[in-house]
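Heads up, the next two complexes both have chain A, just with different partners, chain B and then chain C.
Our next item is the complex of A and B:
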């Protein structure tokens, strides 16, 4: 059981940063950005470029990938989504799917579609009785935890973090109260992109790095954000933990073939039973008292 | 002394004029109620003054400076803050965070203004850590007013602060509005509860079918025998 929880924690570490990024992007830009998987792939390739090509240590490569992916997402927002601002949500959603294909094929063009892997030293797992703990799992969980705690604290304590939460809560009111919402949208694109980029680094440690890498993560990431409650960063982390746990349980007690279906089931259940998510506030408020 | 001057303002939607040739003034620290039956154009007029709706004709001056067509954020920077009718607080943020974030245009004054707001609305001081979504309706209106005050405005544009409140809370919300005078802030108040609004306002302007049909001191209008027929009974 401990092994199952540990494996779930490792899987959640990969999904959670991108889920927080997706949730922020959804709340600030107003639509479900299905390109999040492609952003994860950009992060994986950016990490590989620094680590595999330039020989940088993985931590420095991860930091560079976060910056690069943040800027790529900002550029995508300016080029694709800003001209469509005010269009219906479905138009933006379809555009984000199209953007996924464009980014995936740009990666294919740039990296010739070959499967890559990080330059990581081989290390024996740490063994505690029946529990086997691979060192890269500890690294993943540690890096994801530090990054997420920093983001959650920043959102709570820094003026810009509070402004992001305020705009995620009510964009129109934020504008009325004089908060610079256009700059916040740009900030959310960079932060959301950086978090997706970090997921790319962590995914690249477990999965083959190829341009379609992000598709396997798209559904769990979106499901985690919606299950947790759109606009709630702690909710997205909780959603990632629950989905990773459900995936491990499905793999253990049903069959590993069911693992990819868990995100879909979680998404359907969340939308049916609690559309505002676990930590989100009700979509339609009750009567004022 | 005149703070807000509206000259021959016309506004509407999709080319259809809802409000025509409305002129009005609001003085420094004066509470002016904008009344009228449903569909008279009160919220349209307020939207056109506040910049959430572009006027078709006419001018809006604030302290002698033309502010016609400025969006609400720019108008707030110029000294007139809009308090929207319903979605007027950040529900997932605490009361303290709502106040802090609303000082964004002039953050250096945040601590002083927060003290002033809490002195004006002591009920908020005991609820600083509470999420705004959990406040009672009356407290929420106080917070919405306090948030608008954090930017240091000279004029508040209030869109039906009693909308959706139970009768017991209407009085509480309007008392909060009258507290603004203590802070030296003027207010243009759109209100459906006409009798209640007249009890608290200095002056009132009555709109019907998009035009000003009556104007006068609140006590004078409350006593006028013909006003019930015009709008009070239908609107209250």
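Our next item is the complex of A and C:
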């Protein structure tokens, strides 16, 4: 049982940063960005390039990957989404799916489809009674927790965080109050991208690094964000924990093959039972903006 | 070369059917469906199982597949009942992935990734290779014509007018006493049935289906056909589908121009091109090549004249 919770925590560490990133992007840019999975894949390959090609230590590679992914997301926003401002929702939605395929296949062009892994020292799992704790898991949960706590505290306490939440709440009002909305959007793109990049690093530690890795994470990440109440950053973390727990349960008691489908089923149930999300405000149908 | 062209035209037909169905769901009713590949797969597997396991003829398997597709679509639309685009998008996408997972893992039923062979063919074998391919193309064209005709009827009928009203502003038909949710469900189910029919025709044409055939690019190409052709315009999307298939097939020959690329990189490059094309199309011509025809625009503008009309 403890083992199951521990494994779920490891899986949640992969999904949670990207889910918070997705939520941030949704709140500030105003649409569901389906390219979030591709951003995660960019992060995984950026980490691998630094770690596997240049021989950097993993922590430095992760930092580099966060920066690179943040900039890639900023560039994508400028090239694809900003010109569509004011366009109907479907235009942004479909453009983001198309972008996700462009990014995934650019990675495939550059790195080919072969499967890689990070250059990590092999380590014996720590054993406490019948609990087996691989050091990788401690590392990734630790890094994800530190990054997420920093972002959530920043959003809550720092001036830019308050400005960001104000803009997410009511863009026009924030602009009238003198908040530099365009700079905030750029900031949200970089921060959301950096979080997706971190997910990429952590996904690369658990899963094989290949260009399709991001697409496989798209449904769990978006499901986590919706489950927690779309646009709510703490909700996204909670959603990721629940999805990960459901995945572990399904893998243990049903079949590990259906692990990627769990996000969908959890989402379907959530939509039936609580359409506004766990931490979302009740709304009369539709989404809450 | 002729048989190659016949094969391309036939597979273009499957996409035209998918695009017609998506146009009903999204172009006319405004319901986002990212699960096209899933409903297509469901139709293919349902039909294949009906003929191979139950021994039914294709003539019975096809309507059975349509029913399965309609039911699945009904469930999907019902699930996200009062929810808007973003939710329906992720739910349908998740559904497509789930269908693919099931096809991959339920080995006893679908033979998994090895693929399922299909022996039942809808047309008589005595036709011979060439004539059979041509006749199958005729069958697919017939299905396309029937679907096109039916959807045009729907578009012009009161049913179609309510669907467009639901798309533009659900509050208006609701105020006029229309059951908005019921119209949405029916449009989505009808589209799902047509997607499954396309899958069934596909299955009995390729004669061996595996989960690989039903990945997300199927959905993307269908969306491209509708977006490029013009949402809400059935004629436009036939043009759009033809154009998209031409680009898809044309880029196969890039290998001759760019000899440095192996098969894997070439296919990646093709998908990059398709994605960029879709993004550009949305940016540059969101209404598509042939925009939705306005029905009796003169009448409408005559009644709307008091507002913002500055004619002398």
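Of note:
Note that the second predicted complex is superposed on the first by the 283 of 289 C-alpha atoms of A that agree within 3 Å, B and C clash if a C-alpha of one lies under 4 Å from a C-alpha of the other, contacts with A are read in each partner's own complex, and residues count from 1 in each chain.
By our rule, contacts are C-beta pairs under 8 Å (C-beta built on N, C-alpha and C of every residue); 3 or more make two chains touch, one makes a residue touch a chain.
Remember, predicted model here, so these are calculated numbers, not experimental data.
By the touch criterion stated above, A:127 is placed in contact with neither chain B nor chain C.
Of the two partner chains placed by superposition, only chain C is touched by A:94; chain B is not. Touch criterion met: A:172 reaches chain B, while chain C stays clear of it.
Using the contact criterion defined above for the overlaid structures, shared-chain residue A:255 touches chain C, although it does not reach chain B. The intersection of chain A residues touching chain B with those touching chain C, taken from the two complexes, comprises 285, 287.
Within the complex, the chain B residues that touch chain A are 52, 71-73, 76-77, 81-82, 84, 86-93, 97-98, 100-102, 104-105, 107, 133, 136-137, 140, 147-148, 151, 164-166, 169. By the touch criterion stated above, chain A contacts chain B in their complex at residues 159, 162-163, 165-166, 169-170, 172-180, 231-232, 281, 285, 287-289. Across the interface of their complex, chain A is touched by residues 26, 32, 34, 79-80, 82-87, 89-91, 93-95, 97-98, 101-102, 104-105, 216-217, 220, 223, 227, 264-265, 268-269, 271-272, 274-276, 278-279, 282-283, 286 of chain C.
Here chain A touches chain C in the complex through residues 31-32, 34, 80, 83-84, 87-91, 93-95, 97-99, 101-102, 104-106, 108-109, 112-113, 215, 218-219, 222-223, 226, 230, 255, 257-258, 260-261, 263-265, 267-268, 271-272, 275, 285-287, going by the rule given at the top.
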